[in-house]
Amino acid sequence: MRPSPLDEEARARPNVELARWPDVHYLNHETSVRSWLFTHDHKRIGVMYLATVGVFFILGGIYALLIRIQLLSPESRFVSPLAYNRLFTLHGVTMVWLFMIPAIPSGLGNFLYPLMIGAKDVAMPRLNLLSLWIFWAGALLTVIGMLWGGADTGWTFYTPYSTTTSTAIVPVLLGVFVIGLSTIATGLNFVVTVHTMRTPGLGWMRLPLFLWAIYGTALIQLLATPVLGLTVLLVSIEHFAGIGIFDPALGGDPILFQHLFWFYSHPAVYIMVLPAMGVISEVVCAFSRKNVAGYRLIVISTVGIAGVGFFTWGHHMFTSGQSIPASGAFGILSMFVGIFTAIKVFTWTYTMYRGAISLRAPMIYLFGFLFLLVFGGMTGIALATTSLDLHWQDTYFVVAHFHYIMVGSVMLAFLAGLHYWWPKLFGKTYFERPATSAAAVVGFGFIATFTPQFYLGNMGMPRRYAFYPPEFQWLNVASTGGATILAIGILIATVNLLVSLRYGAIAGDNPWGSGGFEWMGTTSPPAPHNFTAPPQFPAQPHDYSVAPRRTLPRASPP
Amino acid sequence: MPSSLTEFLRNFLLLPPEGSTFSVSADRLHFVVILTTFAGSFGVFLTAAIFIIRYRQRDPDQTTVHVPPSRLLEAAYIVLPLTLFVIWFFIGFRQYVYTETPPPGAMDVYVTAKQWMWKFTYPGGPNSINTLRLPVGRPVRLLLTSRDVIHSLFVPELRLKQDVLPGRYTQTWFTLRMPGRWRILCTEYCGLLHSEMRGELVALDPAEYEAWLANQRQDLNAQRDASASGPEQQAHPAPSLAEQGERIAVAQGCLACHSVDGSRHIGPTWLGLYMSRVPLEAGAFAIADEAYLTESIMEPDKKIVAHFQPLMPSYRGRIGAAEVAAIVEYIKSLRTDEVVPGSGQEPPHAPLTP
Amino acid sequence: MPPLPKAAIQEQFGTPARQKEAATLAMWVFLGTELLIFSGLFVAYGEYRYTFPVAFQMAGSYAEHGLGLVLTILLLTSSFLATLSVLAARQGKRLATVGLIGLTVALGTLFMVLHLAEWWHHAREGALPGRYYHFDKLTLPGASLFFTLFYLTTGLHMLHVTIGLALLSWSALQALLGRITAEYTTPVEVTVLYWHFVDVIWTFIFPLYYLLARP
């Protein structure tokens, strides 16, 4: 960022001052390894989560690129069929449980939550640390499973295949189980924190929307994850002990597994999406310099998604032999959960009306997010239109749909949030030009990767195919080309952020002049205990009727 | 919709030819939903783009007024999409119910999926591996079961798929619209060679189909003519697989050693046999599922039931796979009130022909 | 008001009241998650009972009704004693608190011992899960599922009983060491809340696996 003559601007405007680097902040006040591994500080825990999920994101991305290389030709011998089956399974497991579910809530959420409510820390900091350790333990178990060859069942582990396969499924399942424990602990912490630790005077309807999103997410985590825990445990026990709970030969029902699995896994997608929507709520306000157009609607939609989302799981099972009334019930409820997302999209767009929009990297990501969420979400509505799902189920149409949401929406929101809050986390600004270029490359790369997959689904190409009929080749080649572009975009964005840690300008308390609560009363990076005195938050977050305090970034001394 | 428009859309969306009567209705709904999807996404995108240009920031400290949202606009953007979604749902649900209710008079074909192949059995007719020949213009019902894990039978041209489960039957039905040769693909991941578990659906003109069927049955009859039961079979075609199985069991002499009323005879009784726990020699046990019953017919010396003599001859080469299936069905039908075989419900699989 | 024990106040809370509120809320929310774990097993029971009504009824008749009743009485009594211990704690009666928790732990331990004996009895008769099932008196399809679910559900329950006993022992120790006072009873309260939950789950297990049977 190249600011105008700094001193002049700072003198002329009362709300502007030069950025200052705090002497003592949460990163430098203790620097031993022990002080990091045994910290109770939610900010450090959040940063460690971000680092961990970053590593696993790269791993999951490598799996994805290997898959796409295999799919360049119909009978490719790049990897064996067994290896391919393991690749797509591990890609799914890594991306879902080791990246998407923890990234925003445990990474950004941990960092921002207490800052946004004026608290010194979360309600149970020791539980927070335990949560991180449990996450690492679960990740380690999963990696051990990967090193032993990994599972080949798909991340959905359908029985009876998963209970009879000879691959290393049990360490992977137990790894997921342990990660689930971490998720429950984090959710518990967040719920208790927002209920009991808001600064005096901060009522529910004044909370930043990111907090509402994380709160909704925490509720889902608490109620859905236990069922996943039970289910993976039952599959593991059946796999090594043959207890027969899902085995038709012993009277068991494989469809029971599907019900139990999807009862968790559908709300799980809302665990991934809601925090992303929370980020977008913050980013759209900060970069339009406008209060959100319809706070109440967003809150209702957030709670609506969290609640109704629990009753839609059977839309993954329309072709499973499920009864007609069940399909009907799940279908109509899926339509209702879809409307909440539509409401949010319209509200965010409305927020931009008569705003003061600056096209920085977070806003570019937001722009892409809006398009991709509507497109991806509406293809979800299309899939819930039961008769149409009979064609699309288990084809690349579904793969494209959920990647539009998971990558096109959630990952873009995550990147938007990382860029927006990077100055607060690390006190440095990133370099704007590479960031905006990367955002554009990511957007185009994404569309080039996943739009061909909608077409592949229409043509009838099934999922999880290592080899495919030759008429599907040209679209697969296009998709792989797009994936390469997407990877490059992500690489540029990541390198840019990391380089800025060393070479970026000093951001100061609030380089964006944002009206978000987390920017008020804290330095960048924040002090070890966040606030020296209880912060005075304005009546609503993102109130730009009066320009908030802003700091002018300046280059760090050499 | 005019057919030129639907043809254009079908090609634009890369949808395969409309092979079944259902494909036509599904595609119509598809077009409406997908066009709305395009319109919605581009609409939002354009609106955002216009706002970004029109309301771009002029000053980093620019203030804005809080615009209270128009209640009318909020109501519109809740009610309009919801109405659309619900309408689509009801149209789609009606179509779905249509695909789940086979009409009376539908022709049945039994499908057995197994890692990694498809077996198709026509009642009274041939069976074939991986190729499914069907007549155009007649409703066909598929009755599907799996021998091992969950599979799913998918034909893109039909716009239909149905998961195939072990331990029970699922069903789907369709009416073919035109002749053609289309791929059958497995669409539920089932292990190593999932992507090679493919078949072919050959849609034939009714006359061609009948000719093929007659040809196949002639060969089968020629085989059966060599055994005593031949003429009887031709004179009295059996309505259901279980009843066929009973006739075959009589004709092949099974009932000379196995009773069907629970009494012990030379061989174990068939009453209540299916899915029961069968005690074998040397303290082992087996569950009398389809696999066990088939093995007992083909290789009876593999598992001898405790307290019985190993007297049963093998029927390998004496009866065909379809006849074995029929006998298995017959044994399955021999239940008492005490015993509830299998898991879950078996949808009725007697043909609907009156 | 006497000063609170040193370990009691956590820095991030403004007041002790708020800290207690947080701890209690945390335990209630946590119990909600535990309820959902058990729900999956109850759902499985429901499905298989619907599918195999006769087998499940007959299997239930082979359950140890008398023992089941004893186990229920043990747990209910232990919960009652646990509640009394909370009352004692709130009145600052240190020894009564420790004693009552101790009795609770004793009854809980007896529950575990008897329950494990019951498992051993079933195992000896051949009523083992899945493919190891060889209970001659009941060979209907679905019977093995009854016992599979029985072991899974009561096994999960026993795991929670063990955790509960450990937590109760720990809070008894806290009381013994004088860290529980009339103003700071939180560890005892949340632990007893957990113990009540363990008891409530048993009141669902008992009818499903012991009472719903055809004699």
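Order as written gives the chain letters A, B and C; numbering starts at 1 within each chain.
Please note the rule applied: contacts are C-beta pairs under 8 Å (C-beta built on N, C-alpha and C of every residue); 3 or more make two chains touch, one makes a residue touch a chain.
Remember, predicted model here, so these are calculated numbers, not experimental data.
Comparing per-chain C-alpha centres with the mean over every protein C-alpha atom, the closest match is chain A. Of the two chain pairs considered here, B-C and A-C, the higher C-beta contact count falls to A-C.
On a Cα centroid basis, the chain most remote from chain B in this structure is C.
If each chain is reduced to the centroid of its CA atoms, chain A and chain C end up 36 Å from each other.
In this assembly, the C-alpha centroid of chain B lies 45 Å from the C-alpha centroid of chain C. Residue positions 51-52, 141-142 of chain C are each in touch with at least two other chains.
Each of the following residues of chain B touches two or more other chains: 275, 287, 342-344.
Chain A has residues 250-253 in contact with two or more other chains.
Every residue of chain A that touches chain B in the complex is listed here, in rising order: 13, 15-16, 81-82, 85, 152-154, 158-161, 164-165, 248-255, 288-291, 293-294, 297, 318-321, 324, 327-328, 331-332, 335-336, 338-339, 342-343, 345-347, 349-350, 352-359, 363, 367, 370-371, 374-375, 378-379, 381-382, 384-388, 390-391, 393-395, 455, 458-460, 462-469, 513, 543-547, 550.
Chain contact summary for the complex, chain B toward chain C: residues 275-277, 285, 287, 338-344. Considering their complex, residues 51-55, 134, 139-142 of chain C touch chain B. Put simply, chain B touches chain A in their complex at residues 13-16, 22, 25-26, 29-30, 33-34, 36-38, 40-42, 44-45, 47-49, 51-52, 55-67, 69, 73-74, 77-78, 81-82, 85-86, 88-89, 91-100, 148-150, 152, 154, 156-157, 159-163, 165-168, 170, 183, 185-196, 198, 275, 287, 289, 342-344.
Residues of chain C touching chain A in their complex: 10-13, 18, 21-22, 25-26, 29-30, 32-34, 36-37, 39-41, 43-44, 47-48, 51-52, 129-133, 141-142, 144-145, 148-149, 152.
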